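Labels run A, B, C and D following the written order; every chain starts at residue 1.
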Amino acid sequence: MAERGNTKGLDRLLTLADGVFAIAITILVLDLRVPPGLIGRELPAHIADLIPEFISYGISFAVIAIYWQAQREVFEDIESSDTALTWMTFLFLMAIAFLPFPTLLLGEYRDRQISVIFYAADAAVASLLLVSISWYARSGHRLVPEDIDEEQARLRTAQGLAVPVVFLVSVVISFWSPEIALYSWLLLVVSDPLVRWAWRRARRSSS
Amino acid sequence: MAERGNTKGLDRLLTLADGVFAIAITILVLDLRVPPGLIGRELPAHIADLIPEFISYGISFAVIAIYWQAQREVFEDIESSDTALTWMTFLFLMAIAFLPFPTLLLGEYRDRQISVIFYAADAAVASLLLVSISWYARSGHRLVPEDIDEEQARLRTAQGLAVPVVFLVSVVISFWSPEIALYSWLLLVVSDPLVRWAWRRARRSSS
Amino acid sequence: MAERGNTKGLDRLLTLADGVFAIAITILVLDLRVPPGLIGRELPAHIADLIPEFISYGISFAVIAIYWQAQREVFEDIESSDTALTWMTFLFLMAIAFLPFPTLLLGEYRDRQISVIFYAADAAVASLLLVSISWYARSGHRLVPEDIDEEQARLRTAQGLAVPVVFLVSVVISFWSPEIALYSWLLLVVSDPLVRWAWRRARRSSS
Amino acid sequence: MAERGNTKGLDRLLTLADGVFAIAITILVLDLRVPPGLIGRELPAHIADLIPEFISYGISFAVIAIYWQAQREVFEDIESSDTALTWMTFLFLMAIAFLPFPTLLLGEYRDRQISVIFYAADAAVASLLLVSISWYARSGHRLVPEDIDEEQARLRTAQGLAVPVVFLVSVVISFWSPEIALYSWLLLVVSDPLVRWAWRRARRSSS
């Protein structure tokens, strides 16, 4: 019982989570390097060679930003933490903290299918963990207030499940072209409003 | 509507922002290295060779400090966050988190124009994003209280726009001398009081 | 007296602690590297070679997660900080911040006993410091409220002492097989409920 | 006036400071490396060679812990921030964030005087900035409440000035032996109670 309804404990968990996100997006830059001693046109040429790394840097920054916003929304209604929620949150943070590795892979080997699959698998696991956290906290109003909007919660679960679907589709596309698979992740930016639109349409037609 | 007026969400966004700034200024030191095994006068000679790196370290620390203070002022009146503000803040943080890369470039190639342009472009983008955040939150009192001082807000916008102007001027100077361009950034330290002085003078003469 | 009963000081100490934990779990990924320029089957082969590093990454993430939760429980009842508590907390944080080093050792040399002993020693020191913090704050209600549950506090001390016992046992096992010693740490995940069960059983039989 | 008495701004400044301290003490470990591929007795031999690095790691951790506690005490009574205090705090944080560089130097070249002087100079600058912050905030009750204990403030200034004195003495000792100079820093741990004892004695004899 001492572990249930831990409000201050949740605050610290979210501080930790914000720290992990802040570090994950900031250390991405450590993989962008220029060796010393380049002369003449070698320097601009080397920087031009870094363009794939710049792109994977930008993609990873955007992906982590999307996950940060998704977890912020999931934790918005959650009032306290217990042992299970804390462990699920740590697993989610592990998936996020691991992202710089597939990002490195993508920067160096973006035309290889294995890079895309690694990245997509990591990101899909992160999404599924986030959906699990949301489901666990909300089922039976375990860690959310009684008066929470159920409809809103279901919409969010649908939005959360759209993310691993995008990554799964990208894995399928990667058999055809790893680069197009990579750009298909930009669908994530529009998936939230898209799911919301589909949701409202479905509700209207059912009522 | 659920995404509007998110106060707790803004607190977490600012915690994340402070984390990104803290990491960005602290990892700058990771590029200052001394190889092991130097003997006799080699060690002081190697440290003396690092002086350009020390200077670009100091400049970047000061630039990031200026941006941190600028965003603190911008967010001072903002009461809540929505999706657009969150994304603009992430883009701003990306420009900040990216700064260690042009800093590295400056430390190794400070006499090359490309280094100055890279740095100035990144910093100018950061400024423009900050001005956009301020404009977005304040226009129509979208995310600020009704009783906010409009005059003060306009002064801040003017101060914010002075920053990309300084960086633009430095790019022009860099065609003549990259090193002088670099030192022209120190104008940023005095640009705030300068704009304030010009602003008050302009207001007095118009009234 | 000015140093006693420092509540705001404790808040800042915990913010620092959360920062150290967040960085320690996030920089673990920096040791997972893939060199550029691999062609054909070299890339999947290199990633397969990283599997021991992935395992030691996962173990360290789990160990740090366990310690974070343990310290969160220890500090739950503590209301303020004094000089001694602050120093003990810094020593504890040093043991945590040091963990990436034995993690690196484990990833590269997991079949060597010295890696296991290094890791186990560091982790055991961290546990003992945490137990000391708990004992120091609770003895004579020094830094906890008067109405704290003594029974609960004793249970926690027992749980805390179980951790160095697990690591000591793993060192003994490491003489026989370093790899099995490594997996014995997974006992930590079940040690908390196990000690709680034994505790309740012992109490029931004594009453 | 808008920049005076900024309470929320001070909270964010301290969050940033705690972040910088957390990162500075956690990234120290990144300089402790063991190359892959060592066989037989090479591994324990290499770890034994790291002992100077372990010592400079421990010293730097302790020094940063001392500074964190010193700044926590200085900021305890400060209620708000203005532009000057913010800049002084950033300069102080720069001196702290720079410490991993002289730490690296000490680990690799602890028998060289230049390492000791670099470290001592950085640490002395940090102390002097902290004393300046305290003096600035307290003079004329600029940023502290009216009812603050003046006597206590003067004692703290004396304690703060003891730190650069220790580092200055260590520089003198370094002409004779860099290693003994290094250990003389441990005086910092006792300097606080020592100054307090001398202070009380002086007050008693003057009254």
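Throughout what follows, a residue touches a chain if its C-beta (ideal position, glycine included) is under 8 Å from a C-beta of that chain, and two chains touch if they have at least 3 such contacts.
From a predicted model like this one, the values you see are computed outputs, not experimental measurements.
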item: Rigid-body rotation angle, chain B and chain A, from Cα fit (steps of 5°); value: 90
item: Interface composition of copies chain A and chain C: same or different, split at half; value: different
item: Farthest-lying chain, centroid of Cα atoms versus that of chain D; value: A
item: Inter-centroid spacing, chain C versus chain A (mean Cα positions, whole Å); value: 27
item: For chain B paired with chain C, centre-to-centre distance based on mean C-alpha positions, whole Å; value: 38
item: Contacts with 2+ other chains: residues of chain B; value: 15, 18-19, 22-23, 27, 30
item: Chain A partner contacts - residues on chain C that touch it in the complex; value: 14-15, 18-19, 21-23, 25-30, 32-34, 36, 38, 43-44, 47, 57-58, 61-62, 65, 68-69, 72, 76, 152
item: Chain C - residues contacting chain D, complex; value: 2, 6, 8-9, 12-13, 15-16, 18-20, 22-24, 27, 30, 83, 86-87, 90, 93-94, 97-98, 100-101, 104-105, 108-109, 112, 114, 118
